[in-house]
């Protein structure tokens, strides 16, 4: 059974990441997961988006071993593998370098829920990880980045919160598919940008009230959702 | 009598909303009103702008009941209905998600009149609603959003002030036609962006003097207007 | 003798204003001056840039009377006329609505010389006029806008300083030709944007030293200039 | 032996500078160095990027004398010459006018290492030179600009740090090739932009820890690098 469909999905997600201007040059990466076979297809390392082809995607198992592909996979591959192992039910991951999301990550600040654009997509602040310990950095760094994310998500529902900021680094997002993960990266960038401007206009603004957050989220998610077709 | 012309007008307004980059993905919506028949055509919910066709527009009456169309109308349809019932003489409504207007709404701050670009279009600060009560949120939320706007406009002339910020949410604009409503959303975004930068350069800046506000507004509006052909 | 060449020059300057994204919709205007004949060609009022044709340009004399053209000239025409009468040797004027230049005008702050990008084009802060008196506003407003600019330029060399901010309003720029005036509007927008970011990074930054300002200006202007071909 | 290949390399780097929107109009310049022959090809002064042709590039020796070419070279040519003489092993230089990098230069502030996007490319703050003395300004200004840079780099490794901010002026970057120098200018602009937003979100943010800086740099550079193909 071929990996062509999986590679095609990863390819299209990476193209979309580029089309949505979520990274310059070779920065960032997206992957698509096949849970049944326990493998994911990911962008090759350091290749420009303009030059990507479906057949360049690298298929890797959950231990990070290459299953198919002649190129070296993204250096962030071990982070993806940790997340696919830990976050049950997800089908894609995106790591963008979009400027406003990266700025919040560098500021080591979670993004508070300041409006309905945020609440349409998640009911909590966009979480930010702890700064990594020197031991973790010197160990298997990319694996540790994944562990840091998983630890930060403890007690949170990763089907509600499909995005996280790695402190001093940048955003990781996920979703039911690779394209949904890229969509979440774009939404996060928009939330991050608007939150920055909001705080610049009114530094004393309080997070939005819980009832309004829940209302907006339930418009788009869950059994009583009524947004979309 | 067919609704084709009305649907075409709503379609073109939604296209223009997208072309002016006032929302990403499926966010936002515009509608066109036929006062004689008491119906409006609105964007279907959750459909990407790139995929929209004139026949996808949904025709709805002022009670929010579907009159024609096979798709579900925008989830903000009840808000549009309230505004068409309350704001005499308007022909279109636009709800954008443009970042600077949303930021002012999230900051719960009205946009003061800081310059002639603002005064060319309205003589007062862009008003912002109260934050909605829990009861209103738990009730018919979108209907209540409309009521909140109508209440905020009490004592104001909605033919002068064709825009409002819903606190923690974003902008709604209206006008004689659907395209004019979208135009007002773009103008609001520009006003909001420039006001943010202005206050960042000079936080102590005072609102513009009344005589200059009136002068600029009357250049473009009313019996003595002399702008345009 | 026809006005075709003059109208063509004004047309191209207005196209360039639009191409450089210095105004949305119908905002802004540029004109080209024929000093020998004492007339200038200017954008018609309220016409979208996308729809402009060379033959739409309106030829006006220095008293603001229409000499040729079937459309109404820009409402800012009297301001242009004042400047052509007062500023000896200029051949074009541009009034943009670019956001960062407008923000400085709205902030009623001159733009200090913070770097060589500024000094490459003028050796002084970009001046800002006084806020207009109520009498001037109620009088011939656009004429008074021109007078306000001329008064602010008193004691300054308008061949060195080819730009000014009208308080609470926006920028006017001029130059040897209409295209040069538009060029100056774009340069002003870039200076205004970078100055805003500079002050945001370091609010205590001092204006650049005089020797460096003069050096950069003389690289591009005057007898000892050595920039360009 | 012809200079065609060198001129082609310089031409493509200048095109890329323009494509990456690192300068408006004729601002900025890039050059390509042939160490074996001791010459470099550089953009002609004051020519618009849209009009550039490979044959317009000017070939200059390390004393700044024209070796081939009918146009006048960039006015910054002596700065390039100083850098090629002082910075062993580099093959290209880029001087952009990108707004955020220029803003940091105008703010006379080095850009601290706030995140991994920065550390992926250099392990130290982006250095900023001293403000030039009046004597240096009145002397051979462009030569002195180069000397100022070389002096600032003393004690630093110019193969690690391939970028510098000239106080009150703007960025100069270099690299193994002219295209790499332009790449570094784009990366610097991105770092500068994100650092500005980061500090605006959290003015008290501390520079990133040394262990994380080193880790990220070594992912992309040196014997143990594992990024790319």
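Letters A, B, C and D mark the chains in the order given here, with residues in each chain numbered from 1 onward.
In this text, contacts are C-beta pairs under 8 Å (C-beta built on N, C-alpha and C of every residue); 3 or more make two chains touch, one makes a residue touch a chain.
Every value quoted in this text rests on a predicted model; they were computed, and no experiment measured them.
Q: Counting one step for each move to a touching chain, how far apart are chain A and chain C?
A: Tracing touching chains, the least step count from chain A to chain C comes to 2.
Q: Count the residue numbers both chain B and chain C use at their shared interface, divide by all numbers used there, and answer same if that is over half, different if under half.
A: Answer different: the two copies use largely distinct residue numbers here.
Q: What's the rotation angle, in degrees and to the nearest 5, for a C-alpha fit of chain C onto chain D?
A: Angle of rotation between the two copies: 90 degrees.
Q: Per the centroid of Cα atoms for each chain, what is the distance between chain A and chain B, given in Å?
A: Inter-chain centre distance comes to 33 Å.
Q: Which positions in chain C touch two or more other chains at once?
A: Those would be 199-200.
Q: By the document's touch rule, what are all the touching chain pairs in this structure?
A: Those chain pairs which touch are A-B, A-D, B-C, C-D.
Q: Flag every residue of chain A that touches chain D in the complex, lowest number first.
A: 24-27, 44-47, 71-72, 75, 97, 99-100, 102-109, 131-132, 134, 137-138, 141, 168-170, 196, 199-200
Q: Where on chain B does chain C make contact in their complex?
A: 114-117, 183, 186-187, 190, 193-195, 197-202, 205, 208-209, 211-212, 215, 219, 226-229
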